[in-house]
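Going in written order, the chains are labelled A, B, C, D and E, and every chain counts its residues from 1.
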Amino acid sequence: MKVEKISRSPLEELKRHVGVIQEAFKQAVIPDRVTIEYPRERRKYPENLRGFIVLDKSRCISCFRCAQICPANAIQMSYFENFYPGIDYTKCIFCHFCVESCPTGALASSTLHDMAFKSLEDMKVKPNQMMRLPAAIREDVQSVEYDVTKKGWRLIRKMELEDIKVVRILPKLKPRRAFCLEPESCLGCRQCMEVCPHEAIVMERCEITLEGQIVGKGCVLKITEKCVGCGLCVRQCPMKILSLKEVE
Amino acid sequence: MEEFTKFVRGGILGPIKKWGTKWSLWPVHLVTACCGAELAHAFACGYDGERIGALNYGIARQTNLIIVEGAITRKMARVLRITWEQMPDPKFVIVMGACGLNGGIFWNGYNLVKPSEVVPVEFFIPGCPPTPEALLRGIRQLQIKLDKGVAENSVSFSEVKAEKGKKPRILPRGVKKVSLAPCIVIAREKEVEWELGKNLCEKLKVLGRAVITARNRIALKVDPDKLRSSAMKLRDLGFDHVKSVNVVDAPNEGKFIVEYWISSYSVKELMPVLINLHSEISRREPKISSLSDIFPSADYLEREMQDLFGVEFVGNPWKGRFLLAPDAPEAPLRKDFKLQEEVYVGD
Amino acid sequence: MKEFHLDIPVEPPKELESLFLPIPREYVEDTYRKDEFLVLVGPQHPGSGHMRLIVRVKGDIIQEVIPDPGYVHRCVEKIAENRLYIQNIPLVERPSIMDSANFNLGYVRAIEAAMDIEVPERAKFIRTILAELCRIGTHLYDAAILAVFIGHTTGFMYPFGIRELICESLVRMTGARFTSSFIVPGGVRRDVDEKTLRWVYDATFAIEKRLKSFERIFIKNPTVIARLRDVGVLSKEEAIKFGVVGPFLRASGVEYDTRVVEPYEAYEELTWDIVTADEGDGYARFMVRVNEVSQSLSIIRQCITSMPDGSYISEQIGEVRGNFFDKFADIVLPAGEYTTLTEAARGTLLFTIVSDGESNVPYRMRIVSPGWLYLRGFMEALKGERLADLQAIYGSFGYFPPEADR
Amino acid sequence: MQEWQFLVPDKKHKKKFFGNLKAEVIDAKLCCHCAACAAICPVDGIVSGDQPIDFPNWVKECVDCGACIKVCPRWEYKPLKGIGNYIEAISAKSKRFKGQDGAMVTEITATALEMGLIEKAIFVSRDEEWRTKIVTIRSPVQLYDRKVTGTKYSYADVLPALKDAVIESKAVAFVGTPCMISAVRKMQKSFKKFERVKLAIGLFCTENFYHHQLSEFLAKKGVDLRLATKTDIKKGKFIVRFVDGGRVSFPVKEFEEIIPSGCKVCQDFAAVESDVSVGSVGSESGFSTVIVRSEIAKKVIDQIREKGTAEIKEPDIQAVQKLCEYKVKIHPYPSKEKEKTQ
Amino acid sequence: MISTLFEIFKSNMVQIPLIQPIIDYLMQIPLINFIVALILWRPFFAVVIIPGLTVLLLYLLYIVWFERKLTARVQWRVGPLEVARPIRGAIQALADGLRYFFQEAIVHKEAHRPYFVQLPILAFIPILLPIAFIPAGNVVGIKSPYAVQLVVAFLALIPITIIAIGWASNNRFAFIGSVREALIYVSYEIPFIIAVSSMIYLYGSGDPYVAVEKQSIVPGAIMNPIAFLVFIIAMLMATSRLPFEIPEADQEIAFGPFVEYSGMLFGLVMVLAYEKLYVMALLFVILFLGGWSGFYCELLGDLNAPLWLFIKTIIVISILAIVRSMYARYRIDQAVRYSFSWLIALSIVALVIGIAVGWIV
């Protein structure tokens, strides 16, 4: 498709001038205004707007997935009763890879997105501050929504306050547990045991027998029922012999 | 004079001055990075920052607010400081966007500077990019600060009580896995049904090793001293521009692989074909002849590679830095320049 | 007309030494000896983005322009070598956030090409919608910047107003106004429901309606035409020689569009035209993009009306929610080099990923963004024009430094 | 509930396992610098490089798993000697590749890759200063690089890279000195995963050097390694060839002072435990002697024969035998000094 | 001495029946009566109160706000608002003015310091001088039969101060801006003078009183529409308004001559164009829109004429304000070419019409 050539005749020129003047005066008389007067009114964003992230501590299994998937390394785990994620909003880019990665739905997105801080220190949010939505300064008295139809676009103002919502979508995942695929390759380094946040892997000393003969001292490692399938051991294992499997 | 200044600042006229400043926060037009798009939204008709008295305006002398729109690079940091120095008192700085706060996604980049280390900053706005509402919230917070005299965060966190525990001895391993012995294969042959490509490969065999790597992609390896003649030959075949110049650093094999991605606009059937003309040069004396006179489109790309890898393109008239600031590290894209590693456990 | 030189030796101003000019001192002295003038435009200048142009003028005529880019060089290529493949998705979007879907798409396609992932039809259509929305958004953004560069503030406001609809569409579909990071290897992150698609469908009509106002007040504005016509002309030969890309190449009469030359996603199944022009001047460059906006609107409508049912992500990947880490963190591409071409809004976008076959980070990632490719053509177009045209040509190219500098 | 067992080796000292290793191997000057311990260490604490193996801060960081002892070829050292068992021995020269002599290591790897017996091979490359670098070979194309082929007389950390390769791929080959081969065999004994090392190509080896010592030594002699294209040991002489075609040579005896202590106790010349050993001894110049010891290697050699990618001759096996004996003679174990002290 | 002055003032006072009782009361108080008499002394009243300085300031506050508001309206947005919501943000310009007033005024090192500081203040002289000559009924500063010519002559001084400002700034962009100002000056001044002289020919005199009188039936705009058009375009060019905002072009040369100004000084130079517009609009109203003639209100007395003049001026300027949101900026060579071809041609046509109509009337 070729772009139409623009005519250079003075008459056309004049026509265009008239068009401009017409449009400007039309707008001056009946403006198609689309401004959202923000501090006074709040725009109704859809629920899936990616905003401030809220943590439900009771669901968190300290699996480090959020911290390790974060492209900006904004999530660092802090140790309370267990490891919980804290988000550094000086780095957070609101991609919500962490929310998508959370296997239990402990992290949830909220529609709170208008924040301003006076110092960088205040922006490093600790896990215990993330469990509730923060109280935000709000000056809005009404809410606005875009109304789009085939005919055009206008704003609908409603005299009601838009709540900041927390949207928690629980992932449909079967429970998983760690399994050892290749016990013969175990180094015996016990890293899996030490890294486990739930003390689900235990070790006992024993004697190793091979074909009925005692070969030497050894240990036995057990993955117990406590395992919640966080997968830390899987990633920790230097020989990569552990794996997560779905269990019924 | 000093007494006069003092009087103006704190005297009876103080409240008037404060009021004037509060409703007339004019951000200077200092676009530093891509958050400028959201800044434009905040001042365009969707949100109209002019409503609250902020008018995006001209240059440093006539304004009193800098909105740092994201990343400040080494080059830009100087500009930011100069702009700030040029501005008349009283002046304020708001930083928007993660890049400007702590680097954001570029936190371990070699070229970023934190604005808060360059100029005093009043308010920080998180987001990447922050929504226009967030920016207006920042301006609003600044107004409130001018009103009350103290700065406030716009959100206040309610802390849930939690016992602080002790860090365990072993911390989980990072997820990143970097090969100790990387293998770099540029031209991996692939079987594809592509008649034109096979013909081309036949034609190019005289120049060097020509391999079809995928549909529409041909890799042609030539000796460094034959690079120019090969390029000329390609030009005669109808290839007329360079789409990319790339250097791959292979320290384990002690070489740089210099690639030119050459394609054609003028011959219709060659349009989809991308020829990767590459040759290997020694890492100790990284020199290769430039193709910028054969393909002028390679000029800036070569300059960039010269800057980032320290590979000298003999024949390119440009010497010295192009993309990087004078104080940026030498040849940062070489593999021996390491970036800071991630930390997954905080305090 | 005969020129008369005043034979007075002029010393270059002292300030030129303190401005870290990347050009040699002799060049500056030579300029001043020849009764010419160096004007530094940017980076803090109302009519330039985040870059500096060292403009050598003779009277009002530009003799040569030397770009001083890198003010937004954010080391994307280096950082990408230190991040997981999946973590690079937000990273590659950042150079051009208004065009995020196209950048995202180019990168993800390179991964898919390497791993031989088949993308389901529905995902392809959703991706196409996102890419086209971003294309419209970018063209509008550039139109707005062009308007403000030639002093037309209304021309700035209207596109940004219309862009609000684009942003709203993106929020409804993906959850973010700009940087959606929505396209992942194998498909997209979430399904988009019928209601949202209907909304986007209606929005295309609303956009079209608003664009009519914009056309009257800006596109057909005689002052705009006067400023852009016959300004910064790049002939077809020049455009090819200097490797100009995208709409700017098409404005010079070359019918090259990656979406046709090397079709990807759903473009083959839709009907649309390549927009070209012959003049190669500023107005042609602008008009090509204006016409592309309407083409894109039509593509979006076609996509929505013929949206196939099915999965939004490849079966090789499976449900993403909650599984994101497990699915994507350990992606390792087979060793080799993978290059994809994508038609981003401003032109051809080239992604090269070199993988060593063992690391879960790219060995080398090369982005050649359209801005960086047409910078040379842009500089050539400036030669011989008036100083006041610098901004007009700048705007007509829609040069966006973060995109070029990466 | 799932459980499995693992063996904990015996300690000789009441220290953590690395302490044992340090006392018995490293400090006893037995360490051959094969870097097996560095490869296997689960906390990545053991560093090898251009200096003796060490674990800084091992007292604190060592997790006391004993893996390093399980894999160390010099732990409870019983030297291997002689030419070992073999299926056949040939002398060959590759037609495709250029290497040290007959480029048979390269040829065998390339053929194995082409046959699909292995997915990748760990090779040693070098930089301009002849520092060793490890590269993974995935396609025969890479083997055309002259830096990859050819002998480097410096230690290389092949095994850490090998471990990564083993975790990822199903079939791996590698090239190593006799001590590395022994280490890999020990690994295979303890850890099943290492059975994925399908092809262990051993090199004939008398001794190896630390890179910095070698380059300093040569620098003292006025040799700039950066200009060298090839190094070689032939008939008791260390030969360096240069870019401009020149060459210098020194008797190997002069190198006595820089031979690391670990090599002075090694008696294995022909890589007895390998699948196939390759070296120049026993062939005329331009040819390599190949000693095939296992079935898989035999398959490869048969393929080479079939395809005719190499010229094949009869080797002089006696020469190899002689050198094996010679190595036992010059590297006595337990060493004479030690015997004296005992 | 004082009493003589007092007598002079008293004899020539503005008569406003509406506030006459208050004035009468104030006149009885000593000292105050002198001030009141001074203020109401016609020449002083004309220059300082209306249509002079005081309403000029009011006008400035109004026009800056109105222009921003109108532009915002055309641009689908709201414009200044939150500063005073009940009155739709009408005091926005006051806030900006106060901010400028209290901001630091930087005089940079390279500037010619005395001129740099003086010139923005000196620029007020060519603004106020013509106001003294513009009559509003019988409220007049200096009565002169050559008032129109004088006003045109004084207006020509303003660009010279702007050029001087650019020179004093000693900045590359300021230089370019000054040169552009000079070029634009040459190109609009000729059609402007020809258009004005066509009206002088039409009315047969440069006396505003004659002009207003002659327009009592048909306004000048209808008598000579071409001159009307030329005057408007010249006015846009003279006051650096879009599409001829060339010397200040902020995207190109960053406010040209004013690039280095800050604080109060910038406040002064920024309103220069608006003041010039005001003076030109006054002249425009007198020449084309019947001046101060209008519906007479008994209560206002002498104030009637100046008020009408002022209101008409404000309306003219307000309508012109919309141009800002309509057009892009022309290039300098285009603007000069237009004015030397089309505009001069038009103005000569206007001159012919003026002479012809003047001859008929």
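Quick note on the criterion: contacts are C-beta pairs under 8 Å (C-beta built on N, C-alpha and C of every residue); 3 or more make two chains touch, one makes a residue touch a chain.
Everything quoted here is computed from the prediction, not taken from an experiment.
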Chains contacting each of chain A and chain C, listed by label: B, D, E
Pair exhibiting more inter-chain C-beta contacts, A-D or A-B: A-B
Innermost chain, where centres are averages of C-alpha coordinates: B
Distance between chain centroids, defined by C-alpha means - chain B, chain C (Å): 14
Interchain centroid distance [CA atoms averaged], chain B/chain E, Å: 49
Whole-Å gap separating chain A and chain E, where each centre is the average of the chain's CA atoms: 59
For chain D paired with chain E, centre-to-centre distance based on mean C-alpha positions, whole Å: 93
Residues within chain C bordering two or more other chains: 45-46, 83-84, 90-91, 154, 157-158, 161, 164, 179, 217, 221, 329, 332, 335, 356-358
Multi-chain contact sites of chain B, meaning residues that touch two or more partners: 44-46, 48, 51-52, 58-59, 105, 108, 128, 131, 175, 177, 179, 181-183, 185, 187-188
Chain A, residues touching no fewer than two other chains: 20, 24, 27, 32-35, 37, 39, 68-69, 71-72, 93-95, 191, 194
Chain pairs in mutual contact under the definition given at the outset: A-B, A-C, A-D, A-E, B-C, B-D, B-E, C-D, C-E
In the complex, chain A residues that touch chain C: 1-6, 13, 16-17, 19-20, 22-24, 27, 32, 34, 45-46, 48-50, 65, 68-72, 93-97, 100-105, 109, 146, 148-153, 169-173, 231, 244
Partner chain E, residues of chain A touching it in the complex: 20-21, 24-25, 27-28, 31-35, 37, 39-40
Complex interface listing, chain D residues touching chain A: 1-10, 40-44, 63, 65-67, 167, 191-194
Parts of chain C lying in touch with chain A, wherever the complex brings them together: 83-84, 86-91, 154, 161, 164-165, 168, 171-172, 174-176, 179, 181, 189-190, 196, 199, 202-203, 205-206, 209-210, 213, 216-217, 220-222, 225, 229, 251, 273-279, 283-284, 287-288, 291, 295, 319-326, 328-329
Residue numbers on chain B that touch chain C, as the complex places them: 28-34, 36-38, 40-41, 44-46, 58-60, 71, 73, 75-76, 78-79, 82-83, 99, 105-106, 108-112, 128-129, 131, 175-179, 181-188, 213-214, 216-217, 219, 240-244, 246, 248-249, 259, 261, 265-266, 271-272, 274, 276, 295-301, 304, 308, 320-326, 332-333, 337, 339
